[in-house]
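Structures for review follow.
Two complexes, one shared chain (chain A), two partners (chain B, chain C).
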Partner chain A sequence: MADFLSGYSIQNWLESCPQGYLEGTVYGHKPGEQEIELLKTNPVLHEDAIRTTVQLVVGERAALAASSGLINSAPDEASKRFLATQTLDEARHVEIFTQRLYDLGVRKEDLESTIARFANPNLVKFAGVLLEKVDKKDFVAGVVGQNIVLEGMAFSVFEMMYALNEPMNPKFAQTLSGTIADERRHVGFGENRIGSLLKEHPERKPDIEKMQKDMSYFMLATFADAFGETRAVDELERIGQERSHAQFHGADLGAMDPKEMEDLLAATVLKEFKTRLGRLGLQYQTPARP
Partner chain B sequence: MNDVHDLDPQRFYEEVHSFEFWFQAVEGYLGGTTWGRRPETVDAPMAAEDRDRLITVLCNYCVGESAALEGASGLIVVAPDRLAKVFLSTQVVDEGRHLEVFHHRLRELGVADPEAEVERRASRSLQTFRRRLLDLVASKDWEAAIFAQNVILESLEFAVFQDHARDADPVTAEILRGVVKDERRHMGFGENELGRRVAAAPHIRARIGQIKKELDHLVLESLEETVRTLGMPRDEDERLGRIYLESVARLGFGS
Partner chain C sequence: MSSALDVDEGEPAAGSPAANDPKGERQRFVLDDTGFDEVPKKYRRFYRKWKGAGDRLAANEVICPVCKVVIRSSRTLLPGDRVYCMPCMSRLVVARNEATGDLEALVAY
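Showing the complex of A and B:
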């Protein structure tokens, strides 16, 4: 275990993240890059961009609370130090997505009311399930909830958003690519560290599997709300703006309606959960369909 | 960014509590270092007795850093706003780094299992201080916990590390100088955060005064215990205690 954890040292993190892929960036993107004009001037697309970004802030705030809260219950110093880097990664994500809200025109004094207005209630419940485990200082469940379920979800969501934004919004795409690199590291730690702990405490599995089922339900409900609410696709069609034919897991996102995109994203995330949980010796629990 | 001190107070507050500011700051003195030191800084020969003494000192530094890591991370959920949360996240990674570089130094000095060695050599008063700090954090008392963490503990570390860096071996001295630079930032946050709150609600000062009285006692006791364990001259703990008290007083929290 010590050898694997040495790969997650703060020294490695400093060299690969702040001194690596974030070098020369400002709030996660190249200095001087701007949001595309259409997102600022078209009211439907503008509100859609704000609504989407709010969900990112809400998710990252939960991740920040969870990763910092898990430090005190970590069973060894090396895990505490890795979680220290994850805490700062999550705080950076909160900062860059909050900055995106400002870039989209949200006034600083309106930040919290904007978040309260647009935050998806199912996403808040998803975070609540995780934070309850963290509050109880349940390290094993907390890391599975945080580093496998939440980060696994974030990883696929960010990848899909990256695919959609890469051809038309390089600023936001680069911001997302930095967070994807972070999430990949967090998921890797979760898989590696929890495997050995679950071998020591197999009696924890049923409780953790139930948590995964509950979190997955609220995740699917969030996706259903988000893709059900969006009017962006209709609006792009109305104004005659061609959609980009971005590829995501072999599908052409530019040819899909929101419901098809929701199904693709849900299937991708759940498949990833199944694979990762299986590697840990956990039985994936199929959630009810919201 | 030009000089941050030219910014208006709100912009200044936002700037110095950001990831960007933290990164620019640490890049200045950690760029090109590994485990807190430059490759060209090499170990000087050390007598066995001196090495053993240094191991005890570093083990106690690890207790302080571990308390700071757990304290700062526990405070994130209590922090009243996003900027304070982001700043504390940078502090969490700083404290984690300090723990990591001290552990690495212990291994270089021949300690096979630093965690077990820290457990064995830790000062009892420092462990009591750690428990008290974590109690304050767990009680979600923001002012009391920030005072204990970012004023008392950081001032103790600042005083001791800065003093030690003056006559330490070259490798330990360089590691300590990097750590002290981080501590300055943490103390600045504590001073700013509490200063604004005390100005707005002067009764807070009286409560902080009571906590200070209780924690000063533990800090001075741990300095005395360390000096005694290390066989240093008796007046050393008084000198270090004075430096610590002066550090706290400079932040506006004198007796």
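Showing the complex of A and C:
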């Protein structure tokens, strides 16, 4: 039984989400807010913003496929209802990040080709490991992969992106803030549901630990590609645009080069994985460094 | 809503700070609205966002280890109290970290 869900209901979700932090928003932000002009007019920053947003769409499409796919393999009614609201959360994320691509000037007829052009192959492989478990109707592995590994990664990635955008891009920062609020519920479901299920099925631990190792490898490879490809820091310096000195886990992001930011994000996510999995009695498996 | 939510009205839930303080000896705190809007209105004053480096927890506060939201009680928190993190649905037990001496919350699955 998912006892921790006894207080959860669609009504609770309505009062927290659409009638809470999303009230009055349009595609996750205040009506009338625009992307900052520099992102639209500077070709390097423009492509960088599109590339970054494509990864968010790819990740959220995987989350949508996973959460909807897990509904029918959930062993109890409360989990099915929770996953129904998570499915709508993920569909909303796909929509708001797709809308950001449109706001950045991507034409609707070019959406899929833009995603195909910029989607990181390692992120696609990361999603593939998860969706394989979902396709096999493996609820325990699916929830660990989706709500602990994928959502745990998204939680830290979105927090770093929020810190970077809050001082200069309120539209995108608010979009991210609403997404982070959704992720709280998702990681909470993951930990609490799996915490009880693993007590019933301790024999599943080695298989799940291997999945975490595989997914972590592709996640680190995605980070390495993303921070290795970005030209934003160099371009901001070239045009004399001062970077915002946003704080993330005690570090000044405005004073870091992309490699240092990659290392900080990877260390933050892996530390969180280790802590979360440890609470569940799972042994964190260190992936190879790509 | 939850067996361990520290609401002021009604019978205190078993294990909650209110239930663990039957004589009313603990310091009471007035919980103001901090703008936290991720739970239904009735419960919003029981939570706030962690502001990162430089933020400090009061004697009636503890961080949820699952979602990093600060949980606020209307009474001083002590080890053994049960609290509920509504934003991520985690049931938590307050404990003393022996290394730091600070209060922390442990997840009760």
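Convention: the second predicted complex is superposed on the first by the 287 of 290 C-alpha atoms of A that agree within 3 Å, B and C clash if a C-alpha of one lies under 4 Å from a C-alpha of the other, contacts with A are read in each partner's own complex, and residues count from 1 in each chain.
Methods note: contacts are C-beta pairs under 8 Å (C-beta built on N, C-alpha and C of every residue); 3 or more make two chains touch, one makes a residue touch a chain.
The model shown is predicted, which means the values in this text are computed figures rather than measured ones.
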Partner chain(s) touched by A:64 [first = chain B, second = chain C, both, neither]: first
Which of chain B and chain C A:98 touches, first, second, both or neither: first
Which superposed partner A:192 touches (first chain B, second chain C, both, neither): second
First (chain B), second (chain C), both or neither touched by A:27: first
Partner chain(s) touched by A:87 [first = chain B, second = chain C, both, neither]: first
Partner chain in contact with A:77 - chain B first, chain C second, else both or neither: first
Partner chain in contact with A:284 - chain B first, chain C second, else both or neither: neither
Contacts on chain A seen with chain B and repeated with chain C across the two complexes: none
Chain C contact footprint on chain A (complex, rising order): 4-8, 12, 15-17, 20-21, 23, 181, 184-185, 187-189, 191-192, 195-196, 199, 247, 249-250, 275-276, 279-280
Touch list for chain A against partner chain B, complex: 9-11, 13-14, 18-19, 22, 26-27, 64-65, 68-69, 71-72, 76-77, 80-81, 83-85, 87-88, 90-92, 94-95, 98, 111
Chain C residues within the chain A interface of the complex: 1-2, 37-41, 52-53, 65-69, 84-91, 107, 109
Residue ranges of chain B touching chain A (in the complex, touch as defined): 18-20, 23, 26-27, 30-31, 34-35, 66, 69-70, 73-74, 76-77, 82, 85-86, 88-90, 92-93, 95-97, 99-100, 103, 114-115, 134
